[in-house]
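Shared between the two complexes below is chain A, which has chain B as its partner in the first and chain C in the second.
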Partner chain A sequence: MFKAIVSASTLRDALDSVSVLVDECKIRLNEEDLSIRAVDPANVGMVDLTLDAAAFESYEADGGVIGVNLGRLEDIAGMANSGDLVHLELDEETRKLHIEMEGLSYTLALIDPDSIRQEPDIPELDLPASIVVEGAQLDRGIKAADMVSDHIALRVDEAEEAFYIEAQGDTDDVDLKLERDDLIDLTAGPANSLFSLDYLKDMNKAIPKDTEVTIDLGEEFPVKLHYEFAEGLGHVTYMLAPRIQSD
Partner chain B sequence: MRLDDYIELEVNERAERRRLVEEKSYEIVDHLSAFETRFEETVQNGDLFGSVSPSIFVGRSNYPNVSTGLLSPVGNERDAARFETSAEWYREGVSIEDVFERRTSLLNSTQRSPVETSVHDAWDGFLGVQREVAIADRPVQVEIGLNEPPEIDFDVTPEDVATPTGPRATARDAAVTENPHVPRAIKKTLEDDDWAAQGAMTYLYNRGFDVYDINTILSAGALGQGENRRLVPTRWSITAVDDTVGQFLRGRIWDAPSIDTVEVHRNEHLGNAFWIVLAPGQWEFELVELKAPGSIWNPDPAAGMWLAADAEGKEGRTSYVEETAGAYYASRLGVLEYLESIGRQAKVLIVRHVSDDYWGPVGVWQVREAVRNAFDGEHGEAETFGDAIRGVVEHVPVSMAQLRRKSTMVSGLQTQLADF
Partner chain C sequence: MGNSDLRSLASITELPFAECTGSTVAVDAHNWLYRYLTTTVKWTNDAVYTTNDGTEVANLIGVIKGLPKFFEHELVPIFVFDGGVTELKDDEVERRREQRRDAEEQLEAAKERGDAVAAARLEARTQRLTETIQETTRELLSILDVPYIDAPAEGEAQASYMNRIGDVDYVGSEDYDTLLFGAPRTLRGITSKGHPELMDLEATLDRHDITYEQLVDVGILCGTDFNEGVHGIGPKTAIKLIHQHGDLFAVLEARGEHISHADRIRELFFDPPVTDDYTIRTDVNPDVDAAREYVVDTWEIDASEVERGFERIESSMVQTGLNDWL
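The block that comes next holds the complex of A and B.
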């Protein structure tokens, strides 16, 4: 059983954060929240999302799992104005999702959840550094790096208590230095890892510019990016595997 | 074979090479006049002549109003097949000179057609003849009526994808004067106009047709879904076929186990050296090109090494390559064929060093065949990818620091979440 009403903007924010990595996913309709966990086909990037029941105008669910085509669902959500309310209801018999908004109704065929890639286990990582920045700062660093390269280094200088976003291209270099005062918070630790910009750019697209992003970082380890949306009732964690220079 | 053998060049004049190639200012001219003589001997009764046509050519200038042509080795009909670009050229060991000689010996009889011309059922007229030549598996006897004497010319492009073309003339009409032999699989892809081009291409590949055959058929618009069948400029169809077949092979090794050790394979062909580093891990590919000062793309001898690179991850690219053009897809095909044949996947870095011995662009077949043939015989092994790269750097005129800046894979290899 699943029946919910949610604002179009909250629904879109949730879907966008997942669709930057995968085309289809399983949605877990838990009693207390809705959750999605997915890894991209190359096993490089992962997303873990929960949207609390309180983020909905109304929410009733009993632990079912549905499989959806994200592109299709985003298109439908895109038909609503951001303030509009979207009604969702699962038809258990036909295995279809009924979606209604402002007089428009849409019946979405679902995908057999068993045919969707398995949800990943979240690696247990002990990441020594943690940086909290505004989404806009991260966005600025990623955009600048993209002008010169297709990979980006994230680094913490413990002595300087500074966070660096750096990129080296054929001829040009980009270097964004954020000191303790520029950051919302910093737990300094040994941290320096290289990442593919293709992935980081996609993740960055979904991160609201006015939100706080927590970046957990280590030495040649995956990075974790956490942020909240829907007034703190939606939580997203991205995890991205690094590129490692061979000795 | 060096340009210096023909023209006395001061060192500071070597920069003129590229211009010389483009302006056909050297021995190509001799081939062209040999063609002229042969043509006059062969074509006696006015403008109509009989020949055989091993292949076709679709130009891309003035796209979408393209020139579409039948290639025929006028006066050399008996061994027409060797004038057609194929893997055979590598086995035969042709030189750059040989390529130019063969291409200057091929008359391109052309007509202009808009690409939107329905070629779906074009069996009549010039396009019909062109299609018959494209789908036949051996040179086809044709009779061609020309509007004018051939323009004695030679066309090389610095992009170096399509093989150069020689003299051309506008054709009034053409006719097939035999019943050409068409292999069954090609008949099948031709007749099924509900079959998307990509599927039809991989079907032919799996039936043993090489990319050279498939690219000719695609170029003539003789496969794909009916309404999508178009004339495709040769240069584009070469890359399209390399890319499509490459994607198919990449899919075949998606779940394949990784190779176990770091291998370095090497081959050299027509002034181009290829270093192919295979490392354990999931598929990732990069082509790095080093173009020596004095080679065709980098004519200024004082310019220093010119570097170009493009790369893809496990899931491939979402956009056309920016710096390495057709060489990217041709070299990727060569290495994917090898990996698929051993049922393994790998991280692959190819370093192509173009020396100043590569004085004229012969077409991207040169890259494809050099990579395809790099896996026979002995190869080197290294402890790590880093060791292998350091080994390669000793043999190419570029520093580790330069390479690290240019190459995505040398900067760092992509790991997976499951590695942690």
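The block that comes next holds the complex of A and C.
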């Protein structure tokens, strides 16, 4: 059983954060929240999302799992205005999701959850450094790096208490230095890892610019990016595997 | 090559790369190279893939363009080259050679007429795996640390055998004959656009409610690399006849038909010449610089044709996966 009403913007924020990595996913309709966990086909980037029942206008679920084509669901959600409410109801018989908004009603065929790739295990990482920045600052660093290279280094200088976003291209280099005062918070520790910009750009697309992003970082370790949406009732954690540093 | 009639019988589904990442694949090397040669040669100016003295090495472009797909999805290819020609296949090989000679003559004619389209199509058909192509492919695979083995006879029989005994997860081939060689799982189109197709033997047998032996009989009735099929018997009819009569010989008797060497052809599928003399290695560490030197400097391939492939190989080597931290 699943029946819920949610604002179109909250639904879109949730879907966008997952669709940047995968085309299809399983959605767990737990009693207390809705959750999604997915990894991209190459096993490089992962998303773990929960949206609390309180983020919905109303929410009733009893622990079922549905499989959805994210592109289709996003297209439907895209038909609503941000302020509109979207009604969702699962028809257990036909395994279809009924979606209604402002007079528009849509029946979405679901995908057999067993045909969707298994949800990944989450690596347990003990990451020594933690940086809290505004989404807009991270966006600026990623956009600058993208001008010169296809990979990006994230680094903490413990002595300077500064966070660096760096990229080296064939001819040009880019550095963005953010000192403690520029950051919302910093736990300094040994941290320096290199990442593919393709992935980070996609994740960055989904991160709201006005949100706080927590970046957990180590030395040649995956990075964890957390942020909240839906007024703190939605939580997203991205995890991205590093590239091997060549020198 | 092989019999595409089998496609209509085979259970074939798309297999997302996500579901086969980390697998080993025994690739029918000739089948794979042939495909690349026919496409590379079709679209590329011949100056790009021949040396100054006119030796054709389009295979090197094919290898560099095709391999990244394997690496990017953490698939380990084991290339299986053909050994000697199976005796029975001699007639078929001879027939194909004749076809090629015909194509070559038509090609000359097309070139004289200035018919570029016809010439390009014919050129594709006249490609063969020359000594140089065989040697340079092996050499390049060695430099890239990609494992390969030499089959005693048919590469696809050897690859299917390795899959059957569980030494590799999949066979990689565009041929449907891997079903007849008893390969449980064949991946088609690994290096094509999009996701590969999985051809599943068990599901194929279930779909038609026949045994593996009966599937081979169906194949022989429709025609294989080793024999012409029986005139007027297509895949659907063949299944029906096998259901009705039980096996190949009963069908032939009932229809008053004859296939020469039918016994030996069956044996070639059931028990082809294969070897156990190989080791499966999954730690592949390509020397991309050496490969670049080999392809661009030694064999004079236009760098612009292969640079993107080399870059993809390089970046697939440096990206780690999240499962490394589980």
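Just so we're on the same page, the second predicted complex is superposed on the first by the 245 of 247 C-alpha atoms of A that agree within 3 Å, B and C clash if a C-alpha of one lies under 4 Å from a C-alpha of the other, contacts with A are read in each partner's own complex, and residues count from 1 in each chain.
One rule holds in what follows: a contact is a pair of C-beta atoms (placed from the backbone, for glycine too) under 8 Å apart; a residue touches a chain by one contact, two chains touch by 3 or more.
Note that the structure is a prediction, hence the values are computed from the model and not measured.
K.L.:
Label the relationship between chain B and chain C on chain A in the superposed model as either fit or clash.
P.N.:
clash
K.L.:
Going by the contact rule set out at the top, does A:P113 touch chain B (first), chain C (second), both, or neither?
P.N.:
Neither partner.
K.L.:
Applying the touch criterion given at the start, work out whether A:Q168 contacts chain B, chain C, both or neither, answering first, second, both or neither.
P.N.:
In the superposition, A:Q168 contacts chain B only.
K.L.:
Taking the superposition on A as described, I'd like to know which of chain B and chain C A:F221 touches: first, second, both or neither.
P.N.:
both
K.L.:
With both complexes superposed on chain A, which partner does A:R243 reach: first (chain B), second (chain C), both or neither?
P.N.:
In the superposed model, A:R243 contacts both chain B and chain C.
K.L.:
Go through the superposed model and pick first if A:G67 touches only chain B, second if only chain C, both, or neither.
P.N.:
Once the two structures are laid over each other on A, A:G67 reaches no partner at all.
K.L.:
Touching A:V44, do we find chain B (first), chain C (second), both, or neither?
P.N.:
It touches chain B and chain C both.
K.L.:
Could you tell me if A:P208 is touching chain B, chain C, both of them or neither one (first, second, both, neither)?
P.N.:
A:P208 sits against neither chain B nor chain C.
K.L.:
In the overlaid three-chain picture, which partner chain does A:G189 touch, first (chain B) or second (chain C), both, or neither?
P.N.:
Once the two structures are laid over each other on A, A:G189 reaches no partner at all.
K.L.:
May I ask you to name which of chain B and chain C touches more residues of chain A?
P.N.:
More residues of chain A are touched by B.
K.L.:
Identify which of the listed stretches of chain B (205-213, 223-231 or 295-303) has C-alpha atoms clashing with chain C after the superposition.
P.N.:
Superposition on chain A puts chain C right on top of 205-213.
K.L.:
Which residues would you name on chain A as touching chain B in one complex and chain C in the other?
P.N.:
39-46, 120, 123, 125, 150, 196, 221-222, 239, 241-244, 246
K.L.:
Along chain C, where are the residues that touch chain A in the complex?
P.N.:
Going through chain C, the ones touching chain A are 16-19, 21, 72-74, 315, 317-326.
K.L.:
Quick one: in the complex, what on chain A touches chain C?
P.N.:
It is residues 39-46, 117, 120-121, 123, 125, 150, 196, 221-222, 239, 241-244, 246 of chain A that touch chain C.
K.L.:
Spell out the residues on chain B that touch chain A in their complex, using ranges where they run on.
P.N.:
Touch list, chain B to chain A: 279, 282, 307, 311, 313-315, 384-387, 389, 404-406, 408, 410-420.
K.L.:
If you look only at chain A, which of its residues touch chain B in the complex?
P.N.:
Answer in residue numbers: 39-46, 120, 123, 125, 150-151, 168-171, 194, 196, 198, 221-222, 239, 241-247.
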